[in-house]
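There are two complexes below, and they share subunit A, which is joined by subunit B in the first and by subunit C in the second.
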Partner chain A sequence: MLSLNSVTKRYGAFTALDRLSVTIPDDAYVSLLGASGSGKTSLLRVIAGFEEPDSGTVSYDGKHLNGVAPHRRGIGFVFQNFALFPHLSVENNIAFGLRYREQEPVVDPADVRQRVADIVRLVGLEGLEARKVTAISGGQRQRVALARTLVTEPRMVLLDEPLGALDANLRERMCDELRAIRERLKVTFLHVTGSETEALLMGDTVAVLSAGSVAQIAPASSLFSAPLNADVARHLNAYNVLSGKAEGGHFHADGARFPLPDHPVPQDGAPVDVALRFDRISVVAADAAEPLDAVIPARFVASEFNGSSVLSFFRMDDGTLLQVVAHLSGPPPRSFESGALYKLAFDPRDVISFTERAA
Partner chain B sequence: MEARVLKPILGVYCAAFILFLYGPMIVLAILSFQGAGGGPQFPIIEWSTYWYRHLLGMTEPGRISRLPIGDSLLRSLTLAVMTTVVSTVLGVVTAQGFRTRFKGSGVVFYLVILGMIVPGVLVGLGMALLSNLLGINRSWWGTAFVLHVVYTFPFAFLVMLAIFNRFDRSVEEASLSLGVSPAQTFRRVTFPMIFPGVLSAMLFSFTLSYDEFSRTLFTSGRELTLPLTIYGTFSVEIYPNIFAFGVLTTLFSFTLLLIYALLMLRAVRSARSFKGQEEAA
Partner chain C sequence: MMEFAGEQVQGAVQAQGGENGASPAERRARQERRTALMLISPGVLWMALFMVLPLVMVIYVSFWTQTTFTVEPTLTVDSWVRFLTSPTYLASTWATVRIWAVVLAATLIIGYPVALFIGLMVRNQTLQTALLVVCIIPFWTSFLIRVIAWRPMLGTEGAINTILLKLGIIDTPLTTLLFSEFAVLVGMTQIYCVFMVGPITFMLSRIDPSVIEAARDLGAGFGRIFFKIILPLSLPGVIVGAIFVSVMVLGEFATAASLSGRKVNLLGNIIVSQVGSLKWAFASVAGVILTTIIAAVITVLLRIVNVRKEM
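Here is the complex of A and B:
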């Protein structure tokens, strides 16, 4: 179990990690979601020992890791650019850690060969052992990077945007394989990514990193359906986040007014943020007569066709951009007229409200 | 359109430049095949390899004594090898140090670079005075050696600095994260990857030291290095045996270059991956 306690890391005037505390359980796939600049790479580097935190502690099973050299931490690191050893073959890349590590190097060549062969089979690199790492494809390099780390049996593997360098097709396949490999080896993976779909897909547990600290850590499904604050909701890229005031149990902002949920109890006049899922909104004509519980009037901007769904953008009078997703499995969505006014209707029970505004 | 005009002009210019560069050497090479009775100038009285044989002591002893270069050649080679080893090691270590910014790194940088900028004669003279003052005997392996290192170290350092500049640090971090100690990481990862640069640094150090003149002039003491010896022979009378020696030593330099090129080719072939990894990033 890895624990970080109030870890702070600054680079000059910039604070990359701000009193960050988090616990990463054993034998789990944890994904760490953060926008670029949120400090996710700094966090991995502090855990790996490439950087020392300015304050706070990093510990593993209660033992302090602060000041422990990276090569004595037993934590593997898979780099975004793979960082393979260019002068070595695939096989020698994978055998590298076993042969040359400081603690318990494997000296018996037959033993090394056996272990390398096992891991090569696990990641599916058979037949490429003698190749130069420059003479294989991106996906294969990714596997070499992974195999090279896994063969040393680290207690934890840090993956820094491991799929970022792969094309979309390959990325999906590697996602499944990463999960399968991890489950077989029972080692903890901490997978950093900027993509919310990747984070939700990969992680048993998802941690959202925002402004240098962990905004929420929860199982993927509960994180998605119940973000803890507006910041987390924004990161999930599935919620419209509106800021306003509570007034008589209603949300009130320029051009929008609708009932707030009972929990948390809205206090009159207090600032409140609400999150509304893209796919829980239906679009109705501005002059529709049927009574609606909650509507936001907005003008249509543009649509994006995504294959299985259509994402439409609307702009409220105060300039706030709202997104609406219509899945194509349902009735075919209407086409909207650019600049025309529509009513965005939704069930007020789908609204999630946050009384504590994120800084 | 422009390229069509510019290209031939540049080509001719380049050819002229190369001719100019190699002209003296070509003249030298031709004159080295002067006959026994000829002098160090045209016309060639008779084509022969007499002066080569004279150089190697394979002719009848005559009026013209052999070039006294045997010992000084050995000295210069030894000195060049010593300088190469020390400067390259220092260059690699210093450049490695400069990979992390430290306080005063700018000052240290210019102090190192100073060694190749200051006029050689002055440094040589200063060294001579200093050694007199301190009562140290001047010698090619002592005072001159120190100056050779001071002179070639900045070159080796700059070469290595350029190499480290485009070095992907994550490869070393990957090695550390596999449990490999920093020392082993340097040996197994860093060094093989910077090896082409080390070769270049060595080549620089060797050639610069091998024909160093001004710094050595006042500091080598009684036992002279090759450039000093050759210069010394000029003061008597010049015979074509010097040209013959010039040709031989040029051939030696070309052999060194060839070895360098071959080693480089091998190193670059096995490390072509810089490109591969950037592409993936």
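Here is the complex of A and C:
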């Protein structure tokens, strides 16, 4: 179990990690979601030991890791650019850690060969052992980087945007394989990514990193359905987030007014943020007669066709942009007229409200 | 407009027919060969006139007949026999090789850590360039001044002796500092060290820092990382630096002449003095032997690493 306690890391005037505390469980796939500049890479580098925090502690199973050199931490790091040894073959890249580590190096060449062969089979690199790493494809390099780390049997593996350098269909395949490999080895993977779909798909547990600290850590499904604050909701890229005031149990903002849920209890006049899922909104004509519980009037801007769904953009009178997703499995969506006024209707029970606004 | 386009097409068809129906790819390849030939011909011409031709001439002249004041194109091996049977000349051949080996080792031992610092520790490119420029500041003065500057440094009443005397480490000035083989080694190492630092720095600065971090993360300590990652990746730079230093040191004569007090006679010094006394045939023999040594050294160095593949 890896614990970070109130870890702060500054680069000059910039605070990359701000009193960050988090606990990463054993034998789990944890994904860490954060926008670029949120401190993702700094966090990994502090855990791996390439950098020391300015304050706070990093510990593993209660033992302090502060001041322990990276090669004595037993934590594997898979680099975003793979960082393979360009002068060595695939096999020698993978064997590097076993042969040359300071603690308990494997001296028996037959043993090294056996372990390398096992891991090569696990990641699917058979037949490429003798190749130079400059003569293999991007996906294969990714596997070498992973195998090179896994063969040393670390207690935890940090993956810095491991799929970022791969093309789309390869990325999907690697997703499945990463999960399968992890389940077989029973080590913890901490997978950093800027993509919310990747984070939710990969992680049993998802942590959202925002402004240098962990905004929420929860199982993927509960994190998605119940974000803890507006910041987390924004990161999930599935919620419209509106800011306004509570008035008589209703949300109130320029051009929008609808009932707020009972929890948390809305205080009259207090600022409140609400999150509304893209796919829980239906679009009705502005002059529709049927009574609706909650509506936001907005003008149609544009649509994006995504294959299985259509994403439409609407703009409220105060300029706020709202997104609506219509899945094509349902009735075919109507086409909207650019600039025309529509009503965005939704069930007020789908509204998630946050009374404590994130700074 | 239509007509104009038609003319163009017709012109292209004619051009194709004019070149015996060669495909566009073939014509492009031919064009590129022509361009390449034009680019290399000045260099090839220059080298042929001023390097290959003189070299052949030197080999030829080394077999001419030498009398006291003249040299005649009557072929003989006299000069070769004289060189290869004379202990003096064989000794200076040996001195040349020995001084080359020591200077090469010294420039490597002193230059590599400097390159390690500039190429690997300094990650700011502007600062890197600035530090390399600092390394070549001595080259803003002439070669002879750089060499002669060692005299007030190493002389009997020079800076080093004065300091050692003042500190009470020695009672009488060291006389072996200047006008000795030691002085030649110091002078050459100082002058040629930068040619070792430059290429190694270049190769080291191309190493991705995350590669070194990856090796650390995999559990390797500093020594392993140095010998298994950093050194192999910088080896092409070491070889290029070694070739620079070797070529310059083996052909040296000025440093030896001015710092050894004529005690150290390198092959270069022999050539200079023999040419000075118009012994062209004998100077040619020394020249051929020196050129052969240099060629052998470069061949061996290039065998160590395939520079073309690694750069």
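The working rule: the second predicted complex is superposed on the first by the 359 of 359 C-alpha atoms of A that agree within 3 Å, B and C clash if a C-alpha of one lies under 4 Å from a C-alpha of the other, contacts with A are read in each partner's own complex, and residues count from 1 in each chain.
In this section, a contact is a pair of C-beta atoms (placed from the backbone, for glycine too) under 8 Å apart; a residue touches a chain by one contact, two chains touch by 3 or more.
Being a predicted model, the structure only gives us computed values, none of them experimental.
After superposition onto subunit A, the modelled positions of subunit B and subunit C overlap sterically. Once chain A of one complex is fitted onto chain A of the other, the partner contacts of A:Tyr239 are absent, as it touches neither subunit B nor subunit C.
When both complexes are overlaid on chain A, the residue A:Phe314 reaches neither subunit B nor subunit C.
Of the two partner chains, subunit B is the only one that A:Ala165 touches; subunit C does not reach it.
When both complexes are overlaid on chain A, the residue A:Tyr342 reaches neither subunit B nor subunit C. One of subunit B and subunit C touches more residues of subunit A, and that partner is B.
Of the two partner chains placed by the overlay, neither subunit B nor subunit C lies in contact with A:Phe354.
Legend: residue contacts after superposition of the two complexes on their common chain; A:Gly97 is shown touching both subunit B and subunit C. In the superposed pair of complexes, A:Gly138 makes contact with subunit B only, with no contact to subunit C. Subunit A residues in contact with subunit B (one complex) as well as with subunit C (other complex) are 48, 50, 69-72, 75-77, 79, 81, 83-87, 96-97, 100-103, 148-149, 152.
On the subunit A side of its complex with subunit B, the touching residues are 48-50, 69-72, 74-77, 79-87, 96-97, 100-103, 132-134, 138, 141, 145, 148-149, 152, 154, 165.
Per the touch definition, subunit A reaches subunit C in the complex via residues 48, 50, 69-72, 75-77, 79, 81, 83-87, 96-97, 100-103, 105, 148-149, 152. Considering their complex, residues 168, 170-171, 173-182, 184-185, 188-189, 192-193, 270-278, 280-281 of subunit B touch subunit A.
Contacts from subunit C toward subunit A in the complex involve residues 208, 210-211, 213-221, 224, 228-229, 232-233, 310.
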